[in-house]
Structure formats: C-alpha cells, structure tokens
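Below are the structure tokens for one structure; questions will follow.
Each chain carries a letter (A, B, C and D) given by its place in the written order, and its residues are counted from 1.
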Amino acid sequence: MSGPVQETAEIFSVQSVGEYKQFTLVAPGIAASARPGQFVAVSVGGERTSMLLRRSFALYDMTPGGEFAGTIQFVVAENGPGTQWLVRQPTGARLDVVGPLGTPFRRPNDPVPAVLVGGGYGTAPLIPLARELVAGGSAVEVVIGASTAARLFGELVARRTVGHVTVTTDDGTAGQRGLVTDPLPELIKKIDAQVVYACGPMGMLRAVGEVAREHAIPAQVAVEESMACGIGVCMTCVLPVRGDDGRSRFVRSCVDGPVFLADRVRWSDVGRLPDDLVGAAGMTRTPMRGGAR
Amino acid sequence: MADMSTTLSSFRLPNPILTASGCAAAGRELGQFFDVAELGAVVTKSIMMQPRSGRPTPRMAETPSGMLNSIGLQGPGIDSFIANDLAWLHEQGARTVVSIAGGQTDEFVELARRLYGHPAVSMIEVNISCPNVESRGQVFACDVSASSRVIGAVRRAADPNVPIFAKLTPDVTDIGTIARACADSGADGLSLINTLLGLVIDVDRFTPALGGVTGGLSGPAIRPVALRCVWQVRQAVPHLPILGMGGISSGLDALQFILAGASAVSVGTAVFGDPSAPMRILAELEAALDERGFAALSDAIGFAHLDADERQARMTVTV
Amino acid sequence: MADMSTTLSSFRLPNPILTASGCAAAGRELGQFFDVAELGAVVTKSIMMQPRSGRPTPRMAETPSGMLNSIGLQGPGIDSFIANDLAWLHEQGARTVVSIAGGQTDEFVELARRLYGHPAVSMIEVNISCPNVESRGQVFACDVSASSRVIGAVRRAADPNVPIFAKLTPDVTDIGTIARACADSGADGLSLINTLLGLVIDVDRFTPALGGVTGGLSGPAIRPVALRCVWQVRQAVPHLPILGMGGISSGLDALQFILAGASAVSVGTAVFGDPSAPMRILAELEAALDERGFAALSDAIGFAHLDADERQARMTVTV
Amino acid sequence: MSGPVQETAEIFSVQSVGEYKQFTLVAPGIAASARPGQFVAVSVGGERTSMLLRRSFALYDMTPGGEFAGTIQFVVAENGPGTQWLVRQPTGARLDVVGPLGTPFRRPNDPVPAVLVGGGYGTAPLIPLARELVAGGSAVEVVIGASTAARLFGELVARRTVGHVTVTTDDGTAGQRGLVTDPLPELIKKIDAQVVYACGPMGMLRAVGEVAREHAIPAQVAVEESMACGIGVCMTCVLPVRGDDGRSRFVRSCVDGPVFLADRVRWSDVGRLPDDLVGAAGMTRTPMRGGAR
C-alpha cells in the first residue's frame, strides 16, 4: 500500500442509481494502489468557491490501468452544498481528487465466511471487498438496508458478485421491512461467519458491532466522521477508540480509520470526552476557551 | 529568479514558506506529498507538557471561505513529541519551528528547557493565544502582563541561540500594545495571527455546532484581519521580524503579507484543501516577485510601508 | 405560519428583518426593489452633525466571502437628513431606526436632541464603533468608560419613548464587558456587530488597496465572529435585546442569530449582491421556523442557550 | 425612465470580438427601459462563490420585446476572477442581472453634430447612442482607439451605423498610431461638433474633456469606478464632481453617473480628498481610524 496522491481526474461517467449518483473517474494514480475500505477526498465548488474543504467518498471500485487508464468509482448522496455541486458536474469535467486515503478493510489470509452489512450508500465500499473475498474463496453473505427503496445501493451488483443478497428497508418499500441488523444473526449462523464487515450510519455500525459481539466474532466497520483534511494533519475527525493497551484515545478516523474494529470504538462516548481517555486529565488542568489556541 | 532566502531573527531560511502550527501535525503526513525539507520550515502543532485528549467532536464546521475548529490542543505531550516527531523531522533534515503552549508560565518554561540544545530546533513559537489557567482562562495574549511574563520567562529559559517568537491572537483591542510588550520582554519576533474566536449554530440541532461551543476561525475569510494585524505590528515594532499567517492560499496572498511587513509566512488551512499548497505557493510567490522586478524577497519585506521615494531607492539599489 | 413579530425593547416590529446602517442609505434606492414599509425597519446610514465628504477612493475591495470598505461616514449632516431622508421614510410609512455617530459625546447628545419627538423615529442606534477625537481617535466602543459616557448621555438626551441601542465593534478583547457597561449606562439594547478592521494590499501598486489604508470587513466571512459576539453578549447581559448582524445572507443565517440570542437582525452587505435580499431572507426565515415547528419567532430567540429540558418546555407551551 | 429590475436572464449567445466576449441576454424587463449610457450589474461565480459583489457592464444594445422577448447586449473584457468566470459561461446559462442602472447619455432635443470617442470596450455604449443620434438626424463622427488592434471594439458596427469611423492604436496595429484624442480636434472641426460623448479609461476621458473644453463644447463621459452595490446605497463609487452651485462633492457614479459632464469631474482629485469638498472639513474634525464605523 503506497501513499496517497493528488490527481486531476476527468469524470468519465455519472450514472443515477436510485437517489444516488455513481461517478467513474479516470484517476490512474489513485486506482493503482487503492484497496476496499479506503476513500478519496474531492475538491468541490470550483474556482473562487467559498467551500474550502474536500468532501470524502468511499471507493466503490478501483480498476488499475492496463490497456486503459486506471479508473475509480464512488457513489454520492446529495447532502449539503458540496455534494449538490458535485452531482451537477458533467461528464468530462475535471475534479481535484486526493487518495487513496485511510485504512482498508483487513482481509483474512485464508478463506473465512463473512457477512457484509451495508446501509444506504454504505454498501458501496463493501462491493469491491465482496469481490475479493469471493475470489479468495470465502463464503459471503450480503445484507443491505436503507430507509426506503430509493436509498438502497448495490443490490444488483451484490447479487451478481455473491449470488444472493438480503434486503431490508425501514418502510418496507423493498425487501423485508426492518433494519439490516434483523436478518444479521441468521446470516451469521447460516454460513458460520467468522467476521462481519459493515459500512453505514453510526447507529447501524454500533448495532452491527453488538450483534457480532453476541456471536463472538469481530466486526470491521467503516465510519464517517466530519473531516477537514482527510490526511491526518488537523485532528478534527477523531473518535474515542480503545487501543491494544486497553487505554482509549481520540484517534483520527482519516488515517487510523475509517475502518475500525467495532468493539474498539466507544460508541456511546462519541461526541463526549470520557474521563478515562488518554490526555483527558490534561484538558481539565487547562480548560480551553474555544478555538485551536 | 529572485533570491528567496529570508531570516527570522537569527534563523536563516532558504525560502519564506512555512507550515502553520496545528495545520501540518509534525510534517510526516505532508511528507507523502512533498519533501518537507524543502519548506522554509515545518512549524509543529503546539505541544504541551502532558498528553492531551483535546475536545469532544464535532471539532469543525465549514464557514464561508473559512472554517471553525475546536481541537483543544490534542497532543502526545513533550516527551513523546521529542522522541518521535522531532526525531523524525531531524532525520528528514527539515528545519523545524516548535510551537509550545502552556496553561501557566511554568509550563512554558519547562517546555523551553526540554527543547534546550536540541539540534533539530531552529526556532520556538510560543503560542500565547491559549488560556491562562491562573487567570480564569483568559488568553495570555489578551493581556499585556501575562504576555510579558511568559515571553520573558521563556526567553530566559530557552537556548539563547534559538529565536523565540510570540504568537498573538487578533482578538484584542490593540494588538500593537501586546506586540510591544512581547518585544520588550525579549521576543525575537512575532507570529500573527492565530484564529479569531467564532461560533456556528447548528440550525437543526439548535445548539452550537462545535463540541467546544466556540472555535477558532481560519482561512481566507480572515486574511484582511491578518494583514491588518501584520501592518499594525510592523508599525508598532518595526525592528522585529514577523511570521505572517491567516488565510494564505496563493503566492499573491503571501506577497500581500510580505509587502505588509512579514519576513516569512505560514500556510495553514489551505493545506486541508490542497496538501501541496506550501510548495505551490512558494513557486507562485517566486514568480510574482520576478514579474515585479524584485531581485530578492528581502527587498519586498514591508515595501508597502515605504513612500514612493523610499521604494524607488530600494528597488534601484538591488535590482 | 409562525408569528414573525418581535420587539426591540419598547419598539414593536411586525418582523425581525432590518437593513444595516450604511448598507441601505435611507431606504429610497431599495424602494425600487420592494416596499420598505414591509421591512421590520429601515436602519439609516450613521448620520453626524455636519455634512461629511467621507474618505478618498478607492473605498472598497472585495475579499473572500467579504468586502472591505472605507467610506468614512459620508453624509449630508443631521439637518438635511431630517428634512429629506427622514421625511421620505415617514411618507412611506416605514419604521425607522436612525443611526447616529459623533466625534465626541456632545455630538451624540446634540444628534439625539435633534431627533427628539420626531414621529418617524422608532429607535436610535448609537454607532459607538467610531473614533473618539478626544481620545486620539480610539474607537468609543473599544473603551468601557467612553462607551458608558456616550450611551449615558444619549439616553438622558433622547426621547424617553425611543429605545436606544449601542452598536458595538467586535475588535475588542472582551465584548461582554463593553456590553455590560452600555447596559449599565442605560442602553435599551445592543446592535452587534460592526465591521472588523481589515486591510488589503494592492500587489501591483504596492500600497494598501483602500484610500483609507484600513477598512471595515463585512459579509459572510465574518458571520462566525458575529455569532460568537451575539452568543457572548446574550450571556453577559441576558436581559437586553440584541439586534444581530454580520454576514447574514439567507434565512438560515438569520435563524442562527435568533437562536444565538438576537431578537431581530440587520441585513447589510448581502444587499449589495442582491437588492431584494431582506425580503427573500424574511420569507426564508419564516419557512425555516415553520419547518422546525416554532409557532412564533419569539420562541426561537436565544433557544440555543437553553438546555434540552428548557427547550422542550418552551416548545410545548407554545406549539 | 423607470427604475431598475432584477432578472434571471438566459444567455442567448456569446461571441468573441477581438479580445472581448459579446453577450446577448434575454432580459425583457431591463431591455424595456434601458437607455444608452446605462449599465447592468451581473452576479458572478455561481452558488457558494466567495465573490459577493456584482460586476458592472455598459449596455451595448437594448432591444425591447416585440415578437421576441426583449434582449440586452454587453461586452466583457477578461480582467480578474469575476470576468474570467463570466466569459466561460455557456449559451443557455442563466445570469442574475440588475438593470438598467445609472444615468444615460443626455441627448439633444434637436439634431446637433456630435463626436463619439471610445477607448477599448468603452466603444460599446456609444454604439446605441450613435444609432439614436443618427436616427435623430445628427451628424456623427466616431473615433475609437485601443492599445492594440485586438482591443478595439465596434469598428464595423460603428462604420455601418454612421458610415465611417476613425481608428487609432497605441502600437499602430490598426488605424493610425497614437491616441484617440489625436484626431479628435480635427473631427470636431470637421462637423462643427456641438458635443462630445466618450467612454473609456479615466485618463482618456480626462483628455477628451480637455479637448472639448478647448473647443468650448461639452463632453459627456461615462466613467468606471469600483462599485459595491451599483444602486446607490453603499457610497463606494464616488468621484469629486463640481455641482451646479459651484461646490464640489463626492458624488455616486452609479446613480448620479456613470455619465458626467467632463468639466464637472475634478480629474486630478480622483483618489484624493480636496480640502474644498463639501464635508471635507467634517473629516478633519473627526479623523476616522479606518473602516466604515
């Protein structure tokens, strides 16, 4: 795994998938080394924009250059002004992209049965992972969910990749009504899964982690925390995570994540400052007035 | 090609582009995008004695042409910093400015002592834009006597061969007075500006958007305030070098700071949008100086304070 | 549809959207784009006793998400203002807040006297963010005693039925202290914020871009600073109403100010880019309140200061 | 003349003319009442731009709606980031435009011989004026100049409108080498001109004013001053102008101009604060620290 690069990448195509847009970019430098679970950070707004920060997107596909130049794919949900700008960009436009960023999903060396759990566009990074797991001979189950049918992503490609997929929606507009975690225990049992991989909203990741723990198997989850730099220099993207030494620290989700072991993340302390965090004592000694200073 | 070398007191730099404290960690991550030894210097994130967790999230909010952050000086503490970060910078051959922060004067002093004689330390930036625990959390740099006390004490404790710069906050009624107090207490130069105190309300959660309630505003939005501070401080203490910063994202932005009186500049928030910004800005600044007929960067420092005759004289002598 | 009415002390307004002093002249030009009587109120450009030429050009520079201006309070003087501008506003049936400025306390007092009993004047905004000639040009609002003196004197001289608001500058170490001093001296409310002092260098002419060297920074760039000031002042003097401003250009921006503690807001620089901005912002704010289940604007004022229980209580009572 | 309106105007066409781009916009509200010498103010940069202020352009054409919707035209020289953005806008894009703004050229009630002097894109507003003057039976001479041939504007249309045109360039790449003011005295004499109209850089306007004064005829000149609002509310765009009462004031060039009588503008005091200006005394009594406050 080599480091990230900054590329001016042409948009090769933009496709609508439900409520999402799926982007294909010509980005050979990033495609060359990207791994499932990693993400890219894209400049938005064009010249003289008032939006200074890049927007992050998990990689849905990375096809290193061969006969053609290497490409990457990601999936964009319209959210605020940055993603609104992005989804309006036409084919042929050029985007400034930094990647691949973050830690990938860790794969077993030997085939192991795995369940992949995707929420909304969170399914995107699981697809290339599924492909690798299947190619490596692992038994794979995929369950995807969303609030409503239009926010599902990847059903077809998941089905093609692993042969079948379980679908849930909160409102029952597709698949079974309910949460992705509802069918999860059964799927784990079905293939005697040894690992769960998940990507989606924080609440879902936490719930997936709990189900995995009940089955005494690890869950690798890709989180989404607000990021200013994406490359590890600013410290905005931290989560309270338990380390190998048992002590918890605020850990950067852009370089030490976005993939974490679910049972290491202190979900109930996200957005809080638990007393036992390394360096928390230092904070009370010197309360800050606000600001970086 | 203009001679880009410059000095910050006794510290000689091949070029005037530095990183900004807290916007480049300790250089390692930026090393993936360019050779950090090519920077004028790396300015490291403000370090304190003990490890610090920093503040709860959310820690940032994007604002028009700026951002608000409330990191709360997360860091590993000075010992780990010296053992890991400073060692790495030394290996890279990167010139290094170490930023130190403390809750009281003694902490600053102890930090200066730990850095005493360390071969990798070219300069110390004293981040006095942080709260004084002994004074109900009032920021040191908001108060003349607190500023003087810290700067005087650090100057006495630090390696005499290492210049110390006081880093000031713009959130004061009269930055010239604070700058003069620092100068009188032995500062070898001034770094300006730190972030402006700001706030954003989350209109859906009905609370301040940041975990720390208020945060520091940075980026191009604050550039006119930063330039005004550099201008005023240059007039208040003309004999002290200034490390200018605040919203620099192009070579022409950097040139504005140089013309206003900065001897070198730090690039902060721009790095988040463009990790190779410092190198791009260096190239753009060099081109801008060339186009304008400056033979040397040093000729441009404070140029906008000169009257027409003085300018003429300076250009003719050197070009 | 949320009840949009609000009050600024004894002044009742049908809605909380005002213009900002110096960004709408005396309303006449905006009258080409909408009926100025539909505004919460027109805030007129700060008027002084004598006609003033203002500063030499260039008077403005665009900055990232902001602009710098150095108008220098150009104006016709109070007599002409009353005879022409105020008369016109009266004819239109527009609620009017008259902003006054002076070089010394006496000038403020004399201005308040001239406006005494004038039927068109609903409120006076005392622009103390301007320099005190008796104190080497230091801005009144940078100093507790100068602020107190002016506000106290104006309160005594002005029509007792007309609320007076002190307009503060953010360029101070502690805006809460200034706000408290104004409150103690009789201010009926506070207007915040005026512009931040800034500077731009013209990199081709090698001089400050503005004729006045420094200028006032306004626009969305300063919004986080403005919100922080509103937040702090709301905590420092919770009993006084706040007229909030600084970079408001949408209904959600206005909502941030309301939630932070403003009872009404002024729209300034946004008017330059969009002459009908005040009416657009009013409609957007109303929609935003409706979407969030507020039955009345007044329920949202200061809402972000409440804890979860207090919020719940306020919403249940009124919705 | 009715007041300005704010319109969302579709770009009907963009044509290259030398170094300039000539825009045609569908803007019936503005076209309905615009007069030669007036200008429009255009928002630039798109959504979430960091550029807050509108850019001003003199009207080159105004065709009120009849069978088709009314259109306006203006000519854009690439200058800074705002105009760079504008010239890249494609046909069909929509611009937010306010206009018509400012005072038009005043036309004589009866036909009078007139010389029109245009510098660079400054020729643009003179063309519709020339058309009106010719239609009104005035004898018209046009002289246009620029630093170099590519910066000339309107030679052909001027020739079509008035039959002939004198051209100068500083570098001699078109017409005679020299300044527009070189042939001016001769042209004034040739038709015994009773008025000069001019638009172009400040230095040129001043020089044109001097030539007119030497011939004891008025010059109406359209100036270009940096404008924040364009509608008269901000006071950024002022020039020192002598009034009918003989006293000079800082006068807004966006509403009291951009067309001024050249001999009323105190050209050498532009960018200064002359002592005898109305209200200058008030300034020294209360020196300002900077800023609007």
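We take it that a residue touches a chain if its C-beta (ideal position, glycine included) is under 8 Å from a C-beta of that chain, and two chains touch if they have at least 3 such contacts.
It should be emphasised that the depicted structure is a prediction, and the values quoted were computed from it without experimental measurement.
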(request) Report which of A-B and A-C is connected by more C-beta pairs in contact. (result) A-B
(message) Suppose each chain is reduced to the average of its Cα coordinates; what separation in Å results between chain A and chain D?
(response) 55
(request) Please report how many Å separate the Cα centroid of chain A from that of chain B, as a whole number. (result) 35
(request) Would you kindly tell me how far, in whole Å, the mean C-alpha position of chain C lies from that of chain B? (result) 34
(request) Indicate the whole-number Å distance between the mean C-alpha point of chain A and the mean C-alpha point of chain C. (result) 46
(request) For chain C, write out the residues touching at least two other chains, lowest number first. (result) 64-66, 197-199, 213-215, 219-220
(request) Any chance you could list the residues of chain D touching two or more other chains? (result) 50-51
(request) For this assembly, give the contact graph shape among line, ring, star, complete and other. (result) complete
(message) Show me the residue ranges of chain A that touch chain B in the complex, using the header's touch definition.
(response) 3-4, 6, 43, 50-54, 96, 98, 225-226, 228-239, 249-250, 255, 270-273, 277-283, 285-293
(request) Would you tell me which residues of chain C are touching chain B in their complex? (result) 63-66, 68, 142, 171-174, 196-201, 203-204, 206-208, 213-215, 217, 219-225, 227-228, 231, 247, 252, 255-256, 259-260, 288, 292, 303-304, 311
(request) Report the residues of chain B in contact with chain A in the complex, numbered from low to high. (result) 22-25, 29-30, 32-33, 45-46, 48, 50-60, 62, 64-67, 69-75, 77, 101-103, 127, 129-131, 133, 137-139, 169, 194-199, 210-216, 218-220, 269-276
(message) Under the definition above, what is the set of chain C residues touching chain A in their complex?
(response) 64-65, 220
(request) Within their complex, state which residues of chain D touch chain A. (result) 45-51, 81, 84-85
